[in-house]
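Chain nomenclature is as follows: A, B, C and D, assigned in order of appearance, with residue numbering initiated at 1 for each chain independently.
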Amino acid sequence: MLKVAVVGASGYTGVELLRLLYCHPEVAVTCITSEQSASRPVADLFPTLRGRYAQVLENLEPVRVAGKADLIFTALPHKAAMEVVPTFLKLGKRVVDLSADYRFCDAAVYEKWYEPHLDPENLKVSVYGLPEVRREKIAGACLVGNPGCYPTSVILGLMPLLKNGLIDPSTIISDSKSGTSGAGRGAKVDNLFCEVNEGFKAYGVGGVHRHIPEIEQELSLLAGERITITFTPHLVPMDRGILSTIYARLTGNHSVAELVELYAGFYGGEPFVRVLPAGNVPSTAHVRGSNFCDIGLSVDSRTGRVIVVSAIDNLVKGAAGQAVQNMNIMYGFPETMGLELLPVFP
Amino acid sequence: MLKVAVVGASGYTGVELLRLLYCHPEVAVTCITSEQSASRPVADLFPTLRGRYAQVLENLEPVRVAGKADLIFTALPHKAAMEVVPTFLKLGKRVVDLSADYRFCDAAVYEKWYEPHLDPENLKVSVYGLPEVRREKIAGACLVGNPGCYPTSVILGLMPLLKNGLIDPSTIISDSKSGTSGAGRGAKVDNLFCEVNEGFKAYGVGGVHRHIPEIEQELSLLAGERITITFTPHLVPMDRGILSTIYARLTGNHSVAELVELYAGFYGGEPFVRVLPAGNVPSTAHVRGSNFCDIGLSVDSRTGRVIVVSAIDNLVKGAAGQAVQNMNIMYGFPETMGLELLPVFP
Amino acid sequence: MLKVAVVGASGYTGVELLRLLYCHPEVAVTCITSEQSASRPVADLFPTLRGRYAQVLENLEPVRVAGKADLIFTALPHKAAMEVVPTFLKLGKRVVDLSADYRFCDAAVYEKWYEPHLDPENLKVSVYGLPEVRREKIAGACLVGNPGCYPTSVILGLMPLLKNGLIDPSTIISDSKSGTSGAGRGAKVDNLFCEVNEGFKAYGVGGVHRHIPEIEQELSLLAGERITITFTPHLVPMDRGILSTIYARLTGNHSVAELVELYAGFYGGEPFVRVLPAGNVPSTAHVRGSNFCDIGLSVDSRTGRVIVVSAIDNLVKGAAGQAVQNMNIMYGFPETMGLELLPVFP
Amino acid sequence: MLKVAVVGASGYTGVELLRLLYCHPEVAVTCITSEQSASRPVADLFPTLRGRYAQVLENLEPVRVAGKADLIFTALPHKAAMEVVPTFLKLGKRVVDLSADYRFCDAAVYEKWYEPHLDPENLKVSVYGLPEVRREKIAGACLVGNPGCYPTSVILGLMPLLKNGLIDPSTIISDSKSGTSGAGRGAKVDNLFCEVNEGFKAYGVGGVHRHIPEIEQELSLLAGERITITFTPHLVPMDRGILSTIYARLTGNHSVAELVELYAGFYGGEPFVRVLPAGNVPSTAHVRGSNFCDIGLSVDSRTGRVIVVSAIDNLVKGAAGQAVQNMNIMYGFPETMGLELLPVFP
């Protein structure tokens, strides 16, 4: 049994990790930390876990935590992660970090969009953990930067087009929509039920969202040229799910059927990417609670644009599920182990 | 008192007309029809109206209806409208039609996207009823084609940019999202609570939605050149509201401040268009139940694109409220009469 | 024009007052206060008001506020209200207080369920502002204690039965359900969208909710004997609305038809109470945004119990609307003035 | 591997069975039927299953179905079930029926609340499948009548009190609330998103809901005397979940602590019943997607009543999960096999 710690378990990503790990036959969760709620039973914080997790939340003392686990999931805010990850690594532990701290190839990019980087050394060796892009590197990694939720949906949506040079990269626009769990569990007026319910809005409009450099880094690597995109996030009055509607101009004439065939071939061996038949459009409702990424394709022949629609559960394929998938790859478990829960519908 | 009929009152647009007209001091609703529910009290169909509307729903016999009213709101499905409107007009009545039947300058466009047009004569004289675009023509019209919900949000969002030639028209993309009342009150599995709730999806992707030719007709008139756009509608798990996120490439360098100033000036005299200060983004929650159209502006300087976000209540400014606004203009009532209800929040 | 102040306008009750007062033809809102947001435009706090309320929020300095208005709505938390109301009254102003501070006949009851009462003098002269119960006293009152939301739904639901002695008062149980706006606009984790959405729960179970003594006071007065009830509140994943399902054993044999007739007669002259025909059950959806209280009646002949179901909008008839109704009564305006907005559906 | 058929898979219970059975290591789903959608891939009907269920829906020809499976789950409407179950049994198959057809000891009761019973012979041998009540009988049964959703929540909520004679059975009232999936997947206006969302209502008030005789049968057996209850169902604007708030007068003085201890002991060995510590109240959000039944206890010492609150997921412990639990018992699998999915939160 692999001994695993979940660090920073008081948020929605933390509890989702605990939900998924409970069903994983090769894992034992041996340590759960939360600074705000240390010494409280985790089931007090998340009554869903009552009767199945008897653990008490611990303080985040890195050395002690490292003593209890071989693999550590850090579900901390950015900056907080890079304050503790170096210790874990120094003590020979492997880490899947769910913050933004280890997602960038270039510290300068991180520093432009976030703040000074405290651990540039480890940043250099960290692997951006999108299995569909770099499964082999993940397998050998000690430190995985688990992708952001929006980036996962956009990168998987565009990868086959970019790798095959079928679109003009300067025309990419991703209009993305997220459920409210993406905003976290902090007590803010903006996230109150009555503020979110029965409303729909954009936020971070105009090229300012911090997921943009992450998306651009990966798209640029896939295309082999530097790509700048327009990205607009929106807030949907629902708990879970991200849907990205991605626009780009096709460089040639391609029918939907051709593109679906291309995608189906490209993702043929992927256990969690489902390419929908032509005429089908993804819904977040059909991936809810699961690790799937559903992708649908359309062509607007009037304007020569392709429209890719991708749907994930932001807490699963967009966070905790992808982290478990990365763990499976790192430890040689079957990649779908613990992740075969089908979507919950309705 | 102006005698008014609401024809086709069993849907969400019909009941919204009744809600608004009840507060209008110059109007008496003298006839309400519904084929499916004729002879039932309207309050049976819509318990919200109990105690305030005593009327019984009538069959739609055009001559009899015309005998009871001076102005007729036709809230029928397309095709059903053009089957009765000619009779109303022949009998000297004025009509605000909320279907698509009288929105197009060119019958051929209607026939390409809908079906053979049964009343091309009256189509020629009908006026597309977007007050912010052609208030004077509406004032003198006998027949107003009340705009669609999506078109209202897109056209108002783009008008100042197009009229001032600030964007490249070939780059326009509108990613639009609608609450579920836009799908009507028909009994379909797809619109059941459990199918819609906790999900978000696109539909009609790839240049096939029937609001496209309506949007393009008006944008082309505003720009003075033929415009083709990409338009993707989405379904939001909420009752009311449309938010359109509209992208286009700016032809020059313009700051957000400049654009906000332009819009504020352009819409300065408009009672129902609210241009938000820079940095503010509209939400459908802030227009719910009201006739407002809120517009926010952003510039993505990294890509040279402007992003316009517009929000309306699809049943008010997107349908019944705009119809009442048109009536006010046609009869010389103050344009805001009966429409000064503030948004309901939360 | 009556000059009116809204004190404590940063919550949902405050904005609802502003929404309703905007449509009231005899009222000018001359002062709006909020301690937390003083000096900010009210439209910043509530974008729904943009373009219609130009006011800036003021500090709550009672003497200055009193100088600007004749009637003051205090939408403050309990305790905060009784700290300022005495000043308003001393300066000859009339007050409708929406907190619990002036709802009780007996200071001791208040002190048992809340805390020491700071203004027992004025408590003695305050009038419990449920128009259907004591319209005449309200008309002459300088200080009205505006009823709580749950109490409004329960008292109106039971009044005809109690006044006619048709039920055994020791068997009364009210199982009540409220939308989330009842929990206020405070930033608490429990009220986050993701905590409330897709869940349903009871709270304050076991005779501990502070609305209990208020309900019991009024029911006891109506029955002419001391009544103790069981009351359980619940939280519904929706913004607005209260539905109370009230159980009691009938003392005699009464058919639903008889009871409906009794209620219809009892409430015949009431503009805002709608008694539903037998076989109809109220829904909060049918009163949303309006000042109505809908009441439906059933008899379980198997067990001899009557089941009364009452529905209100907690922010309107349960708070701001009732406050405006009280104002209308106090100033001799038509009781429905400004309150004829029909429910918003859907 | 046990070969299993799911008959009537086009509804929410059917797809939930497929979701749960997919994770069950001892089961192979060999046949899925749907009359309305025969010959369509099941993933067309439920895109959640895409890539995991390749099956095509079949017609319901009982002999052919029986030839493919050893255990048959009938997720049909009542009446439709008893038309095919006799054939399955005759052919030596075991059946878990999720309709009401085999839940009653007495055909006369069924006939009073439903319609003439077509299979009274098998009704006599069927076992009411609430494992916490009669696990042994289920183990040996060929035909299990899987309990209704409301009854499961009420019976588990009251069992310890009744078995210990702590309440006056004539005072039992269950005020129960269900998510909308309980209303099924039929295309009805009443269940449209816009009709359900943002509203809360009672239905079937006054002792008329068909789950009443089922509840009374089981409560009477537990108490050893004939029990008649008042039961009111309500519709909550959410997908899943039932919360029952159950009232009864205590025959003696009992503290909450005592009752919690009693329940904790009573349900100590039960894998799916979680008794909450005093002061905690269940929420449907904390059992969503899982087979748990959470129970909280309160005493209203002012009125001498106990208030039991129980929460289940109506599609899991209230239907498909309980059916799988029964299957596990019938075949000697560990009772929790395939049912260890933790609740999905948020």
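The rule we apply is simple: a contact is a pair of C-beta atoms (placed from the backbone, for glycine too) under 8 Å apart; a residue touches a chain by one contact, two chains touch by 3 or more.
Chain by chain, the UniProt names read as follows: A, B, C, D = N-acetyl-gamma-glutamyl-phosphate reductase.
In this text, all values refer to a predicted model and were calculated from it rather than measured experimentally.
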{"item": "Which of A-D and C-D has more C-beta contact pairs", "value": "C-D"}
{"item": "Chain A-chain D separation of Cα centroids, rounded to whole Å", "value": "36"}
{"item": "Mean-CA-position distance for chain D and chain C (Å)", "value": "38"}
{"item": "Multi-chain contact residues (two or more partners), chain A", "value": "12, 181, 194-195, 197-198, 237-240, 283, 285-286, 288, 346"}
{"item": "Arrangement of touching chains [line / ring / star / complete / other]", "value": "complete"}
{"item": "Chain C partner contacts - residues on chain D that touch it in the complex", "value": "170, 173, 175, 177, 179, 194-195, 197-203, 205-207, 228-230, 232, 234, 236-241, 243, 245, 247, 256, 281-286, 288, 296, 298-303, 305, 307, 309, 311, 346"}
{"item": "Residues of chain A that touch chain D when the two form their complex", "value": "12, 15, 18-19, 22-23, 46-52, 181, 198, 239-240, 274, 276, 280, 283, 285-290, 292, 294, 340-346"}
{"item": "Chain D contact footprint on chain B (complex, rising order)", "value": "12, 180-181, 185-189, 191-198, 237-239"}
